[in-house]
Amino acid sequence: MHENLGNQMHNICNELFPICRSITGDGFRQSLDILRKHMPNLKINEVPTGTKCFDWEVPKEWNIREAYIIAPNGKKICDFKQSNLHVLGYSTPINKLVTLDELQKHLHSLPDQPDAIPYITSYYKERWGFCIAEKERNKLKPGDYKVYIDSELKVGHLTYGEAIIQGKSDKEIFISTYLCHPSMANNELSGPVVTTFIAKWLTRLRDRRYTYRIIIIPETIGSITYLSRNYKEMKKNVVAGFNISCIGDERAYSYLPSRHGNTLSDKVAKHVLKHTHPDYISYSFLDRGSDERQYCSPGIDLPVCSIMRTKYGCYPEYHTSLDDMKLVTPIGLNGGYEVLVKTIKCLEQDEILCTTVFCEPQLGRRGLYPTISTKASSLQVKDMMNFLAYCDGNLSNIDIAEKINVFLLDIEDIVHSLKEEGILKPVK
Amino acid sequence: MHENLGNQMHNICNELFPICRSITGDGFRQSLDILRKHMPNLKINEVPTGTKCFDWEVPKEWNIREAYIIAPNGKKICDFKQSNLHVLGYSTPINKLVTLDELQKHLHSLPDQPDAIPYITSYYKERWGFCIAEKERNKLKPGDYKVYIDSELKVGHLTYGEAIIQGKSDKEIFISTYLCHPSMANNELSGPVVTTFIAKWLTRLRDRRYTYRIIIIPETIGSITYLSRNYKEMKKNVVAGFNISCIGDERAYSYLPSRHGNTLSDKVAKHVLKHTHPDYISYSFLDRGSDERQYCSPGIDLPVCSIMRTKYGCYPEYHTSLDDMKLVTPIGLNGGYEVLVKTIKCLEQDEILCTTVFCEPQLGRRGLYPTISTKASSLQVKDMMNFLAYCDGNLSNIDIAEKINVFLLDIEDIVHSLKEEGILKPVK
Amino acid sequence: MHENLGNQMHNICNELFPICRSITGDGFRQSLDILRKHMPNLKINEVPTGTKCFDWEVPKEWNIREAYIIAPNGKKICDFKQSNLHVLGYSTPINKLVTLDELQKHLHSLPDQPDAIPYITSYYKERWGFCIAEKERNKLKPGDYKVYIDSELKVGHLTYGEAIIQGKSDKEIFISTYLCHPSMANNELSGPVVTTFIAKWLTRLRDRRYTYRIIIIPETIGSITYLSRNYKEMKKNVVAGFNISCIGDERAYSYLPSRHGNTLSDKVAKHVLKHTHPDYISYSFLDRGSDERQYCSPGIDLPVCSIMRTKYGCYPEYHTSLDDMKLVTPIGLNGGYEVLVKTIKCLEQDEILCTTVFCEPQLGRRGLYPTISTKASSLQVKDMMNFLAYCDGNLSNIDIAEKINVFLLDIEDIVHSLKEEGILKPVK
């Protein structure tokens, strides 16, 4: 089944890949529509250009139809149709002849990665530009170049998607991902696609304890905009949150903490990764670079950390045309999905229990303990006795699992039995 | 003198060794009587079968007179008279002919330790059985075996001993040991015998600050029974406690912490072992297996840790006939006794002192400081000045000794002098 | 300029070197007068002999004019004029003939350092004595020796200097150094001379936030005397303090913490040394030996630590005639001075700031952030964003600098810009 899930997610990534997304515009809307097919409860929101959001305001909406350069020899290069990365994000329209010298001022390439088209944007200063592989740039001969960008910057909207999946409690788990990147795969089609499948799984999850707030936004301005409208309610309700990004390749599992690294999100993320992928990479908050920058900012202080596969900025293909659909795989996507599902399961099970009897309970007569003594007790009995020993009403189940060195999901049956037997009960 | 103590303790172990003890019955009573000769203030308590003790109840009393198997060739094997370990503890009576196949279902042996008779019990489910060396078991030939166990399970009592040695304060040091094991030496004749000698020493200790509560019980059901009758008073008064077990061999010194490892008992145990036996083994609470399971259970929460020589479960002879009087030695017993005496001395001296003057006192005119300066001051003067520097009314003497890296018993004369001079006074 | 400062400080050390100082007397006064030429706001205080200071009292004042021994062969040895270390500090006057055997009882030398005259004192027990190189002592032949010490112990005064340099706040930084050592250079002319230049620099420091309390005292009795007169006010006002000693050689930078190592002084000292001299030596409070013994004593509890070059007691020349003006150098003195200046700068800048906007501010429009995205942001932008991320009104600037692994003085321009832009404001 799960391999199947990986393929499904990979197929949707493939469908989304060619679309030219940015922080605003029709590409973003079109991509949201594709995801909404798998996540019917996703509501689309539109915030008008110029709306004040804390220290920022919603920028003009950007759309683009066509862009290319005609070289002196008549050949079309940097064709937007070939790769939407060829155009500097938020480029103003242009249509003129320029010399090679003039053109060079508007070209962006990576000398260290001669085959890669870089991903460059200029959201808050109007300029035009093209991105090109260094190898191609070096072939350009002097002469007149026709530069043509058929784009539009206009008063419009910033678009985002939001789904609220109600649970028994109003306390919330917050999941945020971003969809503003054009044709790149790990950073960032993996995040929105895996998040969509998590949302799908959550709607089927019986007896959900928590309410889930899931948003698909443009990065930075999207989280700032969303927070400016929702932060008061979120500060009241959100008990844990995750920024979902770079979760589709096969190379690593990674964790980036919240600002102080001491929230419930951090605790559960580290517990799950330690037991499922003990060789995971643990970054510092100083290595951050995505929307946790806003969620964990002073005064906002939401308990948000990141669980990733290979982190943005930490792989050579990052923010170039090399971050493509070969890098993101069904196995990679499924691995990221699995870790997030386990993380949510642990959160759902992380209550504070207390023993109902003094001293160890007589478990033998309940069929939970061997009736004959032996030199060594089984691992399962040991875990059960250890778990019981720490159920003092102060520690949550994850705390105890950490203390007794087991993965919470490996003892869920034991915990369930002890609750069924009336030996453990939740602390109000 | 101390070597002599070791021999005295070893002799009593030898006297106790052949007696068949269990969690109830006459063997336990007979053993308590032997210990009471050295500990006259030990009171014997009897708790009736069926008494409710938290989640448990006192089981029937078990006594046994004789047990053996007659092999097809007429030879008597598994003779209780040769070793009381041959009978499964709490065996119901039996007297019948069985085939070898039938017999095998009631035999217990250790394939990995072919020479050892294992120690097995079945307190809470009625069954009969014999324990046999694997080597002997392998020699059994098909045929009819007569199995004979002349035992009795009846409404009776659970027996335990308790001594209260009053000190100036009602605050208590609690010492618990268990006497329910049949013919085994380290686990467990060493515990009750060393405890008896600690009690003897305590009655002679002048100006006892603390009251000492010492109990000799059957393991598990004994501690649960005792707690059910005394836990309220104990939770009010007990400031430190120790479970005394496996304290008679020569191989190691060990420490097993209380549930959170942060009690006065833990502090003093680690302080003493670090300074007297720096290579001691420090276990986790997860490695526990004796009555600290009850004393440290949620809601009971007594400050109890264990100081041992080689810990139960951590030596090959454990719970077999090989745990015999060659393994426990006078030197081994005396070493355990010495560590416990030092632990109690540290507790008795562990008060919170405060300097009576601001700045360093003028110690030269009191004869405590050299009147002539030199390049380096003596270690004793350094320890004294360091001790004084931390006497701020917040740290106890053990805390300070830890901070200044000395063993509290090595500076007791210095502390005494400073109190005599009026430079230090106890904080109320 | 700074090399020049080193030379200036070295010259003053040279001027002070030959003077015979002790904890009282004219040599101390004469040395204070020399320092006062560079530190005009230094006030001289005189405390009468017999004044009660906590557990101590001010001793008699000691002055000495001449001292020597005439050997049987008529040669003058141990001549005070050659080195004032030849006389035991606080020697009573003497003028008589003694045999070699008698003389030996009054001689002090160091067998392990045969060329060194040791520095020995006897402040609180009246005796006479001479200090001599072991090599010279071994040459002494039997016969009658004339011992002559023209000294005087009389009712007089203990002298100390004090400068208060007022800042905007009454909260104080306390700096203490001692001037009671005779002809020795690192321990201790470096301390008072560097302190004098720190005072000079402070008087020129614009917009001083803190008030500076600087004292030049005799060691031990001086700090006890000073505290007995000022501790209540100091406990109210002093937020950080430093004992300045052994700060003139070139071999090491060292830090010795306050009693619990957790004061603002400790924090700033470790921050500065880590970033300026990462190989600095970190001592324990147990290694203390100077006036922090009094400042950090129970009940006094001032936040005082020590920043040193090579610590007293930790170099072979310590407390001997070998601690001379070759060991202390202009470069050594200047290095110590620089570290202290940086320490004070950090303290002056160590306020608690808070962001004035939620989420990250829009820094691009303020010219503080690049308007075009790139794969990696510059180190300066990274430091700025990291600094901002922790300005939550709970952490001081040093705390944040520690968290983000930068030296506070390396980002002072960034912090200044953010304050200028109104993005950060101080927490009241």
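Just so it is clear, A, B and C label the chains in written order, and each chain counts residues from 1 on its own.
Going forward, a residue touches a chain if its C-beta (ideal position, glycine included) is under 8 Å from a C-beta of that chain, and two chains touch if they have at least 3 such contacts.
The structure displayed is predicted, hence computed values, not measured ones.
Trainee: Examine where the copies subunit A and subunit C touch and state whether the two sides share over half of their residue numbers (same) or under half (different).
Mentor: The interface is built from different residue numbers on each side, given that under half of them are used by both copies.
Trainee: Roughly how big is the turn, in degrees to the nearest 5, that lines up subunit B with subunit C by CA atoms?
Mentor: 120
Trainee: If you average the CA atoms of subunit A and of subunit C, how many Å lie between those two points?
Mentor: 55
Trainee: Which subunit A residues sit where two or more other chains touch them?
Mentor: Counting only residues that touch two or more other chains, subunit A contributes none.
Trainee: Please give the residue numbers of subunit C that touch subunit A in the complex, ascending.
Mentor: 354-355, 357-362, 364-365, 371-376, 382, 385-386, 389-393, 404-405
Trainee: Could you please specify the touching residues of subunit C with respect to subunit B in the complex?
Mentor: Touch list, subunit C to subunit B: 54-56, 89, 110, 118-122, 124-125, 127, 220, 223-224, 227-228, 231, 259, 285-286, 288, 293-294, 296-301, 313, 318-319.
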